[in-house]
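Should a chain be cited, it is by its letter among A, B, C, D and E, assigned in written order, with residues numbered from 1 in that chain.
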Amino acid sequence: MPSPFIQTLILTGKLAIYTTSILLVIGLPLSYFMAYARFRFKPVLEALVSMPLVLPPSVIGYYILVAYSPNFWFGKLLSEWFDVQLAFTFEGILLASVVFSIPFMVQPLTNGLRAVPVNLREASYTLGKSKTTTFFRVLIPNIKPSLITAIALTFAHCIGEFGIILMVGGNMPGETRVASIAIYDEVQALNFDAANQYALTLFLTSFVILTLIYTVNRKSDAWKMI
Amino acid sequence: MPSPFIQTLILTGKLAIYTTSILLVIGLPLSYFMAYARFRFKPVLEALVSMPLVLPPSVIGYYILVAYSPNFWFGKLLSEWFDVQLAFTFEGILLASVVFSIPFMVQPLTNGLRAVPVNLREASYTLGKSKTTTFFRVLIPNIKPSLITAIALTFAHCIGEFGIILMVGGNMPGETRVASIAIYDEVQALNFDAANQYALTLFLTSFVILTLIYTVNRKSDAWKMI
Amino acid sequence: MENDIIELDVQKELVSAYGRMVLSIQISISAGELVVLFGESGAGKTTLLRMIAGLTTPDNGTIKVGDEVWFSSARGINMPPQKRNIGFVFQDYALFPNMSVYNNVAYGQKDRDKIFIDELLQNFGLTEFANRKPEKLSGGQKQRVALARALARKPKFMLLDEPLSALDAGIRTSLQNEILKAHSISNTTTLLVSHDLAEVFRLAQKVMLIQDGKIKGFGRPDDIFINNQISGKVQITGTIVKIETQDTFYLLTVVTGMNQIIKVTAFESDIAELTEGDRVMVFSKAFNPLVMKL
Amino acid sequence: MENDIIELDVQKELVSAYGRMVLSIQISISAGELVVLFGESGAGKTTLLRMIAGLTTPDNGTIKVGDEVWFSSARGINMPPQKRNIGFVFQDYALFPNMSVYNNVAYGQKDRDKIFIDELLQNFGLTEFANRKPEKLSGGQKQRVALARALARKPKFMLLDEPLSALDAGIRTSLQNEILKAHSISNTTTLLVSHDLAEVFRLAQKVMLIQDGKIKGFGRPDDIFINNQISGKVQITGTIVKIETQDTFYLLTVVTGMNQIIKVTAFESDIAELTEGDRVMVFSKAFNPLVMKL
Amino acid sequence: RIAAAADLRYAMDEVVAAYKTGNPQAILEVIYGSSGNAFTQISNGAPYDLFFSADVIYPQKLHEAGFTIHEPVLYAIGRIVLWSASVDVSKGISVLSEYPKARIAIANPSHAPYGLRAEETLRHYGVFDGVKPRLIYGENISQAAQFCLTGNAQFGIIALSLALSPNMQSKGSYFLIDDVTHKPLQQSFVILNRAKDNSLALTFAEFVSSPQAIKIFKKYGFVCN
């Protein structure tokens, strides 16, 4: 078994990667819808998607915790039908993390899609391509900077997420004890050296990953509309 | 004197508005630089700007607290030269909030600026307009969706910010006790009704504000490059 | 299909230079025909093509192609552009910035046909640029990519919005041949917008004259233009670019149209009111020119 | 200034249709001259204008305007475009999507001169669109806004990249007059790209022939074109659009250049190898046309 | 699995270590946090066997809600101290008035038991109204200690157990506050329903009241009887 330090870091990475991947799958169609669909209550949907930012994480965490509990219909349904209890498990914090990182994925993507000139889509349609093909072959490649920002923000936010996980996850080593919780713990224990060690590792790893991401991004800097 | 409830909400609003305004002033030139400047270590700068997301807020809060303390050069400088102590004051949480909301302002703006076709800038230059005029009269109006996203994200994030303020603010009523802290407090004290009341007010107010912002944004939906 | 007659009956309100204008077009176009749209800037040519392509929705009317209804405001039908089997060249090109020239051209093909694409690139003078991003092309090169991209798909119905406007005479002629070739090989019904009368005569089987959103004429080019403008004699308008004195007369150099230069002799009396730069008509009552094939 | 001679000596490496190509231009242009750039697609015309405007940096060389050095690779000088007091019309317009037509045109003016702008819009047939966003304009309308925007600033140096390519003959002629007017009133040095030979003759004081990045000719249009192509007689190239049979001979309709239609009589023997669509040269050994001022 | 209040951190670690020397194969996991958080989580089904709170109220509430198998058991009484990194505090509470601008960190009295006791003490000495504007509230007692340690607050009223911890001991001085000036800090624990058939949990609960464990608690400044 790896040391708790390594175990915590692996768990943190796993949570961040899973959350980002899941949100990519959800976020792409959602952003497409938000960017191009025209319906009356779109501003309401947009505001809803931003909501996770507005509420303090600890509060959101509290409400999620309540929702997961077997006394609540959602938790009851899960435990009775699937024999699943989400609170204090990795799956539980993953779900919470996915729900509350949505704005980080969706906002940059939506903006990126909006900035793509209409006639590129039109050109693709006149070439007989479906909306799906157009999305993957014309839109996505042309919003690469936004896509990368979305991934980077989501990933980074997951690594830093703390309030929700503290509430919902409860600091279980190997299961829900991610780095942010571990650091908090060490600070609380006044073990500043251990906290610094975590913080530094986190900082450096993320820094390197983000620098790499942005280096790749560099090539697709400003572009001219053709 | 208004009730603690109102006082807390006013303080929260004040913090969010001040932070957003200050970040707008800092973020616009910074994004401009990030979007168009070409230098070798740009990915490093970009990664640095995203860093506040990666570190858990409570950790960042802790480091800020250390930085503010009279034992540290920064705190020492402030207290010796200006007789200012930042910890546990509104100015202190404002500064912390500004520093750590930077990515929310800068990322969308940078992306927006990058998506503006180069030849619009060029056209403005050939019409004898300086970079500043071009920025305000050509670039900014053409990235309105990104600008609005940036403002909305920053504003929302400030309202929800919790970990840092908890660390740096010290929960002083009327000074640093913003809504997110108050809610946490009430949950800890098992006053779930009061907590729900705060959360609901926060939720509804933010929801209305964001819906309004996005409604204004609507008109500048997708645009064609001319 | 060979007998897919295209029946247009569409209305759309627009703003023209003289205020509100209703674009209102009723016409049948036979399958396989090459029709050139000719009309002033702002007459509604682009809008008409966009309505046929399904990119702009008419206020009301119907668009039928053979038995298929592409649009019908009465029946609430509006087939999306990707189903309409068309090729469209945009006035502003709309190339995909993320793809190389080759991939732009190949994008629309259902079955990748490398030989055909290579041939297209060759004929369009683009071989050297196959792996370039469109951003780095000149205006005329972009326009050629846009045309090649539309042709690569071999659609049943071609909509070309000023596909050659940015090109010089040489390459223009060779691309006109490409359009004619594509048209004759697969018998594609083609609608092409052009401002250039010579191009109209060179390409059009039929001309559709559009003015202020209405059809002002539809028929063979010589019926539309020649009978209106010419009454049997040679009449050439042009600009005097040079007046030279010979012994007893003057030699005028008149430039007409695209590439035409005529030398005209004139006498003192004729020349009195003429100066270089004047626009003149050159005509002849007795004119026996010869023709020679080029 | 009246005697701001423009001295160009610039090199830049580009990729042409035939592989690497060095754009290399050495020339002096007198102040107040109207020079038309003429050359094939991809010859380097746009790039040359962009280098003068300061939008593209030459690999090396110098650009001097009077006593001012705009660019010098040797001395490390590169004046930014906003200091160069130029007007530029982009091949792809580059209108500001956020501003109305009026504001696009007014944007470049230092001192707001409403009367001048209104007059410009009037002459450009854009009055009706003053409050519209460019997005809702037709291609030709956009092009007119781009030209009006550049003229509104009354710059000392005009760089026009195919400013009239999307326009039909009618509006084209009237905008050519606007360009000439602007040029003659304020004696603006003007560089204009055109593919249209008639336009060259109509506008140019000097023509700069560019081929593969090099200057192949610089001089008065008739020196550049006429002496090369014509040897004293009328020689008109065109396309046969119609062959009609008369009693003993044939009547050919030949379309030349932009708007020119010529009827030619021909005999059985002449006609043998001719069909409609053929490109022909019409010439005459004995031709006595008359001219009439329009 | 044990949920324990933050102030127990050092003492509990040692108690667990002592227990393990007697029972080497036992697997004990202690998770520290604020008592309030632990309470909220347990109420919502957190998988803990034992809950060591910093007061008696949270265990009592859990008991009333039927989450426990018995009444709360008192295991220790906490003491509070006045602590400072920069100032000699041996004179007691009166030094607070000698530094009229200095800030004083305490835990949040609205939910942290240590904060409430600190407030009572200040009231007892009659200085509460005077120092109230200078009070800084930590989320829990550990955070109040951080405020002092970093020097942002010159004084703090914190748990003796923290003042004795290796990280604070060498960094400042403390003054033990007389326990008559405030109500006692009764720290209780409960065995949760989940541990019903868990012999390990039950024996560990017994071990906590053993002389060996009491000695450890005392070493960290707790009062046990």
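We take it that contacts are C-beta pairs under 8 Å (C-beta built on N, C-alpha and C of every residue); 3 or more make two chains touch, one makes a residue touch a chain.
Quick caveat, the model's predicted, so the values are computed rather than measured.
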Mutual neighbours - chains that touch subunit C and subunit E alike: A
Graph separation of subunit A and subunit E (steps between touching chains): 1
Rounded Å distance, subunit A centre to subunit D centre (Cα mean): 54
Euclidean distance of C-alpha centroids - subunit B vs subunit E, Å: 36
Residues of subunit A whose C-beta touches two or more other chains: 62, 117, 119, 187, 223-225
Shared interface positions of subunit D, touching two or more other chains: 92
Where subunit E touches two or more other chains, by residue: 37, 40, 143, 146
Every chain pair meeting the contact rule: A-B, A-C, A-E, B-D, B-E, C-D
Subunit B contact footprint on subunit E (complex, rising order): 34, 36-37, 39-40, 61, 103, 105, 108, 110-112, 135-139, 143, 146-147, 150-153
Footprint of subunit A on subunit C - complex, ascending: 53-55, 80-88, 90, 92-99, 107-108, 110, 134-135, 142, 149-150, 153, 155, 159
Sites on subunit A touched by subunit C in the complex: 117, 119-120, 122-131, 137-138, 141-142, 144, 223-226
Subunit B residues touching subunit E - in the complex, by the definition given at the top: 62, 65-66, 68-71, 75, 85, 87-88, 166-167, 170-172, 184-185, 187-190
Residue ranges of subunit E touching subunit A (in the complex, touch as defined): 6, 9, 29, 31-33, 37, 40-41, 43-47, 140, 142-143, 145-146, 149, 162, 165, 167-168
